[in-house]
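First chain written, first letter: the chains are A, B and C, and each begins at residue 1.
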Amino acid sequence: MDHFPTNWGRPRNDAIDAYGTYPIHSRPKNDQDAFSAGVQRTQQPIVTGTSVLAIKYKDGIMMAADNLASYGSLARFKDVRRLHPVGDHTVIGAGGDMSDFQYLQTILDELTISEFTAQDGHSLGPAEIHEYLAQVMYARRSKMNPLWNSILVGGVKDGKKFLSYVDLLGTTYSASTLATGYGGHIAQPLLREAVEGREDTLTEEQALAIIENSMRVLFYRDARSLNKYQVATITAAGVSISESKHLETSWSFAEGIRGYGAQTQ
Amino acid sequence: MPGMVSTSQPTQQSFNPYTENGGTILAIAGADFSVIAGDTRQSEGYSIQTRYAPKVFRLTDKAVLAVNGFAADGNMFVKKVRQRLEWYRHAHAKDMPIRAIARLIQTMLYARRFFPYYVYNILGGIEEDGTGAVYSFDPVGSYEREACRAAGAAQSLVQPFLDNQIYFKNQTPAPGTSFPKHLPLSTVLPLVIDSFTSATERHIEVGDGLEIYVVLAKGSTSLQGITSIRGVQELTATSEGERVFVIRRDLKKD
Amino acid sequence: MFRNTYDSDNTVFSPQGRLHQVEYALEAVKQGSAAIGLRSKTHAVLLALKRSTGELASYQQKMFRIDDHVGIAIAGLTSDARVLSNFMRQQAMSSKMVFNRPIPVNRLVSSIADKAQVNTQEYGRRPYGVGFLVIGQDNSGPHLYEFSPSGNSYEYYAMSIGARSQSAKTYLEKHYEKFADCSFEDLVRHGLHALRETLQQDKELNVNNTSIGIIGPKSEHEKSETPGGAFRILENEAVEPFLQTMRSKEELKEEERQALDASKAEEATGTAAPAADDDVQMSG
């Protein structure tokens, strides 16, 4: 006879739980109100954006993201802006849930306005924006109600370049090249190869070429990407986010791949 | 499936608020100094997120905290500890002693017993009696004072090495001699560097850079030795007598 | 004590448009011992006179550190000051937590001014009985502000609050044009001279009754290191070297007279060259 009532009527599982710690008896909980069943929290993203890329170059930061917001495998929205200016020195770019990102935009816009209305010569730079975002993201994950994004924050203030990452867990880090999502696997190695050690010498043209190349590779490799994207540059002169650009891509080589194009033999 | 407990209830993939960001930390206490070190790689799975994310932080001139595990929790925890130390400074116009910081960290960790900070802490520094100290913690606040401790991804590689080299485990002293209770800084520093180069070789989550903090007690005899070390940087803020230095080294980036 | 008809409730105006309770609170500030603040391009300095209830008692605390970049000197009710300085510390820390930036000094002062204003308008409250001089530095350099229980806050080149602060103010008004460019040691000396004006007849400034609060790079008179020119409070022996630099009132008068003569002589010869020594230069 098993001495532990919690085990009665259950199969033995001493192979995976040698100390019999599971299930631990728990008392009924009363701490939820009558409406708790009606409250939903984000458990998965719905309409999603894919990678964001960013690098440091001579004059500041360059960031890029495509215009696609996917609904699962459906390319649902093809003119979504995933780069967003915050104040005069910062751009943020987001992958992940687009509604969560747009909510963050409204929060940051309110913050920018309240900072602007103080009119006391102080303004929030990229480092402050990033810290604030990190606190918001970490607070939400700690409530088990995350904002499902991974975000790059880039900017220039007081002659200092700033580039940093924050995600739904509140994890942060900075480096001279950053990429979120699929770009973290596909583009990041290309960016590191092209940028590391040249952060202070790369010209805007060179930086743009590096970004464009990575965006092209991502479009070839990432099924949730689009050949329509925007590039933001943040320099001492301020923030500029380009109109959408189109990538020229070539797929004719696919014809020659066995099992992919028309089979001639 | 055979061998598994069948559940008839539907399950939902729920949000996991934790991740593991790799890296390793270690600390060794000497008679009148303490060494606290950590690598600077931050990773998630097979991806290196950055090659420089500090895991070791100067709290006061006599206490240095190394934090390893879930990086977001770690950074937040250090921020909160620093706030508590600032309030202590406001109230008492001096820095909190290290044994008090250790107890503070325990209560702060245990306060989150049922939603823990997923971090392993090692606190190193100088006690009020001038001896070198190392305190190590588990994520929910169990702690003890030790002479040395490694934690993090390569704990299982580094700790046995330290047991052998610091505690002289599995060594027999030559007849008529005994092992020293404390090793000098000139012995400890190479042990720290070797620990990390070895961990870098054998563990994928360790590498990129190494930060070694050294805290010296008032009038420590190790002072002459440390100032001649390549690239050493002093971080001492007060003129109480204790001094803090950091030594940075490259580790392999592959 | 006199009594007005419209002073029992701070939410009621007198027919003259005054809030008597608020004005009484300003009197509480004047009851406290004096505090002086002044700034140059590189430093901001606070000086305060500490009182003691007697030979056997310790001296009161006149200065509080808020953060590395902000400190205050108080005049009035110390207990009210503790409540407000605690609030300021919280604000400073919250700025570090949320934005990782030191709180801009003007916003910190505004935040307590807003708190004080609420107490002048809401029923059932009383105004704070304390005034502050706040020094701080941010990316626009060193600053000096005054906060008062009426909910006002202003920025100053130099300011004094507390008992007999008018005498100090007279000194500061006479000399303030030199402060911007003068050395740290001279700035403290001017502050001590101003503080001396607030003393009673038979009293002198000494290491026991003088506090100095500083923001800015270290002086040769200071022993301990001050990384980043952080706020620090000097008391007891640490004040001594600065007290040594003071000149007696007679010496100052003599210098003044000589400078006046010199400028008269210059006027006579028509060569209005600037005086060589800044310390003896007169302002108009």
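In this section, contacts are C-beta pairs under 8 Å (C-beta built on N, C-alpha and C of every residue); 3 or more make two chains touch, one makes a residue touch a chain.
Because the structure is predicted, anything quoted here is derived from the model rather than measured.
Chains that touch both subunit A and subunit B are the following: C. Chains A-B form the pair with the most C-beta pairs in contact. Once CA atoms are averaged chain by chain and compared with the all-protein CA average, the nearest chain turns out to be B. For the pair subunit A and subunit B, the distance between mean C-alpha positions equals 31 Å.
Centroid to centroid, with C-alpha atoms defining each point, subunit A and subunit C lie 50 Å apart.
Subunit C has its Cα centroid 44 Å from the Cα centroid of subunit B. Residue positions of subunit C touching 2 or more other chains, listed in rising order: 97. Contact residues of subunit A toward subunit B in the complex are 10-11, 13, 15, 41-44, 134, 138, 141-142, 144, 146, 165, 169-175, 184-185, 188. Within the complex formed with subunit A, the residues of subunit C that make contact are 97-101, 104, 106-107, 138-140. Against subunit B, in their complex, subunit C makes its touches with residues 65, 89, 93, 96-97, 223-225, 227.
Residues of subunit B touching subunit A in their complex: 3, 5, 12-15, 17-19, 21, 42, 44, 47, 49-53, 70-72, 75-76, 115. Across the complex, subunit B meets subunit C through its residues 79, 83, 86-87, 89-90, 236-239.
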